[in-house]
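Below, subunit A partners subunit B and then partners subunit C, in two separate complexes.
Let's turn to the complex of A and B:
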């Protein structure tokens, strides 16, 4: 199967195109890593393109000594872990019950779940509800409102309906009840879908900042992304509004520290990314977990 | 034996609920299933249906101290206020315009990109390329806004450093109504174009190799193969995705805009969601903001129901 000259030309051009595209996609991250490693006194002229200006870890030291970043890390770690485990477990439990066609009221509950995809009360009623429940500034407010998602439940129902019935039947004859079957048979068999949903929920919580905007008045309860948002917008707003109102040294420090905190807070995503890759196609179905 | 009896029993009783006792018996039989169902269902009822009940304040003059029970009912006054407000026209226009720009990009570019990805013959290179172009999807908008703000900074952002080096005057991209929407659309493409290829690639992978071989024998070159074989094969997927994004036309990208916009560009960037946030949360005009939000939710629901009907009418599986 020989290739025509035109085809060969196309192949090479295509490879070249993707190399350029990859460089474009990677460059901002490269730039930020180099920025974060730069000597803060040398970045003022904006002369940073490929390599760090000087070399220093001081920005990372500053990040790990920054009280609000550490606090944000703690809050996000708690919401991410709790959200991923609770969300996956409760969705799986619901999905298992709903995958049984014999269950009375199954149709009504399925409709209730489906309807949440069609209509939502919106931002203000949700905000007022959390306020009324006296949950402002609690972990509950950051975790619970977005915990259950119809997509996750439906993806799991689809998976569980595909599980072989014989195994369950056999366990039933051995005297296991539905609870035992769920924990000892269905959950282990559902590992692929559980890890897909769990990972995507985790990414959603890790990247969430808006729950903090709405539900955290106390800065101690800010998620990491919220702390980051504050850090980023503060300095840039100060620069663009007041021209050069703040001292150059401060601004420069802010730059390297800003870069370092961006790198540090995206690192966990990069670490789980290889695991995420196995689940991409299913994950594309789940879509953005948190609305 | 017992199993069989159950099987025989459940089928007819589904339709004859009047047979006393069987309902209760079924519920007792499935008590553990209900136990598993309950926590998730309660969370959904509280945090999804609670706010749905809460939208009634759109028909009130809600006072936070009096609550829903004690606040005065005003009928459609909030909606009249909303529809008469010049803000509303502007915000609705911005939402739809930004959304359509993004739709045009997210419709065409991922298709082209997935066709090109499909032509990469080196498996390792292809996988690396995919991994890299999918990655931005998982990076938060907070981090992306940080990247954008850094690169576009009018004082020392790299883009403006380059512009200045070429003798131009620096541009405040995020503070200029002429550029802001382009920044929105381009950064959205950058973040999501790779991810957008996944579903197309899955569909392309299902196209039979025989079809390409037949086309080759008929003398079709690469371009013609794409046009006559690949594209028709993935057309159903394209149609569904486009229709779905049309149903989401009032979602113009809240987080992205919320993180990037400022008072200088409200004229071109303020969308329904950001408007609801500012009026509702910052100005505490709860009833009015809820009315604006309800308008959005209601339109979205009508759109998605219509879309589902259309999809089904074309003979494909609907969304449900």
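Let's turn to the complex of A and C:
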């Protein structure tokens, strides 16, 4: 089937457009990878490059010898794994109970959950609360405050209301109590929404840096993103922005080391993402049409 | 019973989720459909609730900011009440070990580093007791003040010694009694600190009640920029080092047009730099004007520098030079305010003159190294400031106010804290913390600092972690070669003429200035750079003063005059205080 001239034009323009678009999106990654593999003395003048200027793994060596990055990795891994599991489980438990209209006081609890979405205590009160609970500089401070979000709970409620009532009734007739129904019927049936919410939470924890700003005074409790943010923040730019004109004698971290640390810290989530992405879409779709 | 509450909740939620989705540009908009499923409510009800919920959102947005401030204030006040009785100068038993927490911002923030242990050893030796230094590494620049305010909000999280650059909260800390007066302790234990900072510098950190609540952490050199010229180009063209503005302009012209690099191409510029007026200092300063500051006039009054009539003459001159191609057009855009960009231009070796860092004359400066690589025969020299038609000349003086400072909070006795700071200010200790041990981490080769370790190793050792706390810029800064150190010393003198003319305001609060100066500066920059690039005729300058007054210049002037007058009185009081309280202890 031949294409008309106009169609051909359109097709080639289309292809060209998307190739350009792709280059725009891929190049920053490429730039970082090549930058991280470069020789640090050759990248001092900046500029664009397609291939590494010189070739050396020294930046990666420096990253893996950097105690802060390693400890940041540890902290972020622990908070991500613990936060994702705990958060998903607790949200599911709450959502299941709230999805039952026969629960007395359900309306007011729902409203209270919603309320947290609209109003928060603000930064300093939250900080003082965490401090009074003696959680500063602990995993508790990094995990607990962000554990349950109203948004996730509402997503789950929506899903669980769509589960057929008959299945639960059947289980009840077979002698299951409420907990049994929750663990053996509802949770297995809710796998799609559980994985979606779990992923939301996990990505949230992985990207989190602000908890460290607030609740960590010890550098051992800095999350990876916080370490990274500090590493790549540009001292001379910050100082001149503050209106102070001093010549900073040298940047602490070489360009190549910055690039290598960005790669190292984003690689894990970058690798996981394609496998998780289908769940994102699937999970978000499920429950959107009520049967 | 619950239905009203419930429906209100649901509707709010529905509308808010729309709002949130828009804000977050959430790509899983389908989730929203799911959420709406939760809401069982008729349409009219929803519509009436829309207004309510929107109002609620506004209110939330408005409160959340205000809330934090009032809270922290309340907390501060509480802190004052509980701690005001705490005696600040209790003599501590010297055998007791001392724990010092201090916030740190500089360097690579290596925990438990060699530098930290070295400092602890030095402190233990100097104070004759065991000292444990506990650094609190501050987050990156964008979160810095958030973290500091949080920590300062409660006594048990307050660092003993606070490093900060932010001045907004400082007066509150003083009012709340969080910041302690250091004068008595400085007299007893602060000799190195008092010796290092000048009388001028200490004035800006002095409280008019006769107390010192903060000491500077890092004060720039008295003058750190200089007129830089290509010596090899001068030689190529057979020209002399220029002394007067006319000679300088001729040299710049020759650098542009006479092919100074002898490559047969017309590819050079006379002058380049960033988009700040400091890059044009050889012109403005030759006429004795600084367009960024208030200037003392011959009749004793003060006036905003950009309004002085000489500005017009300079702009006219610059317009001509721009037209001839002597000025690098890149310096007329704010894109050039990135230091890296100008460093690249400097290293490229296609520009004959700059008004820029003295630090370029250190052979270890990375820009200088790049320049040498690209231009093996090129040579930059620093010359004396250019003389104007009246014979006036000056380098650019620094205001000598510390850009960051230290507070000893109410959580430690000031004697111990000052002893810690004073030890850190000692040249030998400072050198170790900043550069490492001689022979182990660096060597001195005929006065030139040569590191023997890689920068990454230096980071691991924590070198520079304690920077900006009693940062020494004198001979103890061994990164400067003896020649550069001498240049800095000489600059104190060559920048003096303008130091005498520029008004430096001590006040942290300048409400009128803060309110109006941004607009005025914007108009000024558009006008001045417009004239320089020829887009605006020089005559447009005549209307500038009118515009200035219309944009709030009147209020700024009044504020400036009153601040200037009270400051002069304060200065007299300070000088007497300094004579009595500091000089005997130096």
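Definition applied: the second predicted complex is superposed on the first by the 241 of 291 C-alpha atoms of A that agree within 3 Å, B and C clash if a C-alpha of one lies under 4 Å from a C-alpha of the other, contacts with A are read in each partner's own complex, and residues count from 1 in each chain.
Everything that follows uses one rule, which is that contacts are C-beta pairs under 8 Å (C-beta built on N, C-alpha and C of every residue); 3 or more make two chains touch, one makes a residue touch a chain.
As the structure is a computational prediction, the values presented were derived from the model and not from experiment.
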Answer with first, second, both or neither: which of subunit B and subunit C does A:125 touch in the superposed model? both
One more residue to check, A:161. First (subunit B), second (subunit C), both or neither? second
Just subunit B (first), just subunit C (second), both, or neither: which does A:267 touch? neither
Applying the document's definition of touch, where does A:212 land relative to subunit B and subunit C: first, second, both, or neither? second
Comparison of subunit B and subunit C by subunit A residues contacted: B
Touch check for A:6: first (subunit B), second (subunit C), both, or neither? first
Which of subunit B and subunit C A:50 touches, first, second, both or neither: neither
Following superposition on chain A, which residues of subunit A contact subunit B and also contact subunit C? 44-46, 114, 117-120, 122-125, 127-128, 210, 213-214, 226, 229, 233, 236-237, 239-240, 244, 280-281, 284
In the complex formed with subunit A, which residues of subunit B make contact? 3, 10, 23, 26-27, 30, 32-37, 39-41, 43-55, 57, 64, 67, 116-117, 119-122, 125, 128-129, 131-136, 138-143, 145-147, 149-151, 153-158, 161, 172, 174-175, 190, 194-195, 198-199, 202, 221-222, 255, 258-259, 262, 273, 276-277, 280-281, 286, 289-290, 293-294, 296-298, 300-301, 304-305, 320
Under the definition above, what is the set of subunit A residues touching subunit B in their complex? 4, 6-7, 10-11, 14-15, 17-18, 21-22, 25-26, 28, 31-32, 35, 44-49, 90-91, 93-94, 96-98, 100, 102-104, 109, 112-114, 116-129, 132, 144-148, 153, 169, 172-173, 177-179, 182, 203, 206-207, 209-210, 213-214, 225-226, 228-229, 232-233, 236-237, 239-240, 243-244, 255, 258-259, 262, 265-266, 269, 273, 276-277, 280-281, 284
Sort out for me which residues of subunit A touch subunit C in the complex. 44-46, 58, 62, 65-68, 105-108, 110-111, 114-115, 117-120, 122-125, 127-128, 131, 136, 151, 154-155, 157-159, 161-162, 210, 212-214, 217-220, 226, 229-230, 233, 235-240, 242, 244-247, 249-250, 252-254, 257, 280-281, 284-285, 287-288, 290
List the residues on subunit C that touch subunit A in their complex, please. 2-3, 5-6, 8-10, 12-13, 16, 20, 28, 30-31, 33-35, 37-38, 56-57, 60, 64, 67-68, 71-72, 75, 107-111, 136-137, 139-143, 146-147, 149-151, 153-154, 156-157, 165, 218, 220, 224, 276, 278, 337-340, 344, 347, 357, 359, 365-366, 369-370, 398, 403, 455-456, 459-460, 464, 479
